[in-house]
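After this come two complexes, each holding subunit A, first together with subunit B and then together with subunit C.
After this line comes the complex of A and B, so read on.
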């Protein structure tokens, strides 16, 4: 056992008559497959943080004129940037698939007289919306719209 | 007796009168092939070391007393067969709970959290006997029935990463049981519980790790309850904000 839980986790408001050992966490909990998946999910937050900084930099360059913008675009051809964007894509897909899997059961059984559709239909709608939005953005970025 | 297999049990021990911190002790146990983990612990208690303390009662996954960490995973020890494990099996008290002694954890903190969600039917006015019984259709029962199957075994608390880090978090079982009553058509306390669920350390502390549902031995889905309660709390808050008198009829 490793003492990695919060020392007051699940402690009563007033201590009991007997002295207790502080709450513990199972040795190697982070190595269990389920926890590894969850930690990976949490770790994607770092990728989004870096993406946020990148967005700020790109926005700043956009407001600083043509030269700054071209320099940012040239930087994006660097293999490190390409690798980071691939990592971001994997992180986004991983989080989206996890979210889609858990989304249906988070729906209340009903809102007034309305009941949510069955889980497979919700899954289908989520994936259809994802594909449609992706196609829309690809079309815009390729100059198919607003060219 | 030829099928007897010797296994090593590495059991966490803690004596509050002597030990500063928990330690482990190993026992060689001759296990029958059909034994569960609890059978081996009872064998240790009866034949090897009478000082071992552990909780158990029904031996059929109904009472929820014998939850422990087996090889680091929260399990009902009366439900998991010894044959699922290799020659060395580690048994420890449930994670995230103060330890009273050996494998026995302090449950008072959970009972306080459970009380906070009002896990009972709330009504503005009780029906008199003359008014007859309160009817509920099978469809209405189905909406909350799974949440009624919780046996308070605390495995979900041991698995939850938020419980490990936020002492004030109400936790999966308490929220699931509160939500169960909010879904019950006989209950009129959903708004009261929604207000409780909007407070500090409640449903919005949940990061939807889904670990609680993964480890539940009764196939209850506490993660669904917690996240449905989030949804209902937001709807309730928005209704009160937008509609006159909070949408009261």
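After this line comes the complex of A and C, so read on.
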């Protein structure tokens, strides 16, 4: 396989004489609806970071014994935890819907010798997988499987 | 530090992407059960009893799922918060912010391995 080209391989030896202004951000860019949704998508990072550490606490408690485990579950009935979990659920659904919409657009034109499936099929498969995994997870956690 | 971050970019993007995809798919069920069913008293008795939860979490698949549920959201969160910081004019402080956030995600991922080994 040929080595990849240098990113500036096609650049002129000397910069052109055209003077260009440094890039500037438009005034109030963050208030535009498109940018607001984009920033909200980024901001879900805080919820995910907190969720990751919360899952760490849950796993740690599971390994620490019955008392620690029961304490964590009792904490989850606190209104603050309920509010955080509901906010997290909204954030997760928002991320899923936005990401699933972007996913087909991010596919390369070819994957080896194959072309990726059409966008509606990728979209449908992602939603089907999401619903199936969620149902399976809920069934297991509620004792419907492996009881 | 910037050079190191550029070198690590593919790994970070892999963890970030999987954080969105796998993390989201796994977290939805967990949040429905713990965020809604548990406080509303809808869970069958003993469903999340310690013995049963330990049995579920301590087999090979359970450990893998728990590792994904901890580490992947941490990397998704860290990368998105870094992106948010850059969007709000944080280009100059990016190396420090990235080090802090990826450091937190790395620490959390290491602790996840320890937590899973304790099961």
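The criterion applied here is as follows: the second predicted complex is superposed on the first by the 122 of 147 C-alpha atoms of A that agree within 3 Å, B and C clash if a C-alpha of one lies under 4 Å from a C-alpha of the other, contacts with A are read in each partner's own complex, and residues count from 1 in each chain.
What we mean here is this: contacts are C-beta pairs under 8 Å (C-beta built on N, C-alpha and C of every residue); 3 or more make two chains touch, one makes a residue touch a chain.
The model shown is predicted, which means the values in this text are computed figures rather than measured ones.
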Check: After lining up the shared chain so the two structures overlap, which partner does A:70 touch, if you call subunit B first and subunit C second: first, second, both or neither?
Finding: second
Notebook entry, point to check: With the two structures laid over each other on chain A, which partner does A:122 touch: subunit B (first), subunit C (second), both, or neither?
Noted result: neither
Next item on the list: Using the superposition on chain A described above, determine whether A:89 touches subunit B (first), subunit C (second), both, or neither.
Entry: second
Notebook entry, point to check: What is the contact status of A:108 with respect to subunit B (first) and subunit C (second): first, second, both, or neither?
Noted result: first
Notebook entry, point to check: So, A:11: does it touch subunit B (first), subunit C (second), both, or neither?
Noted result: first
Next item on the list: Please tell me which partner, subunit B or subunit C, touches more residues of subunit A.
Entry: C
Check: So, does A:20 touch the first partner subunit B, the second partner subunit C, both, or neither?
Finding: first
Notebook entry, point to check: Which subunit A residues are contacted by subunit C in one complex and by subunit B in the other?
Noted result: 42
Check: Mind pulling up the subunit A residues that touch subunit C in the complex?
Finding: 30, 39, 41-53, 55-56, 59-60, 62-66, 69-70, 73, 76-77, 81-82, 85-86, 88-89, 92-93, 95-96, 99, 129-130, 133-138, 140-143, 146-147
Note to self: Which residues of subunit B touch subunit A once you look at their complex with the stated criterion?
What the structure shows: 12, 14, 16, 19, 21-22, 69, 72-73, 90, 92-93, 95-101, 105-106, 108-110, 112, 143-144, 157, 161, 163-167, 171, 183, 207-211, 214, 221, 223-224, 227-228, 230-232, 235
Item checked: Interface residues, subunit C side, partner subunit A - complex -> 19-21, 23-39, 43-44, 46-48, 50, 52-57, 66, 69-74, 76-81, 83-84, 87-88, 101, 104-105, 108, 111-112, 115-116, 118-119
Next item on the list: Give every residue of subunit A touching subunit B within the complex, in rising order.
Entry: 1, 3-6, 8-13, 16, 18-29, 32, 34-35, 38, 42, 102, 105-111
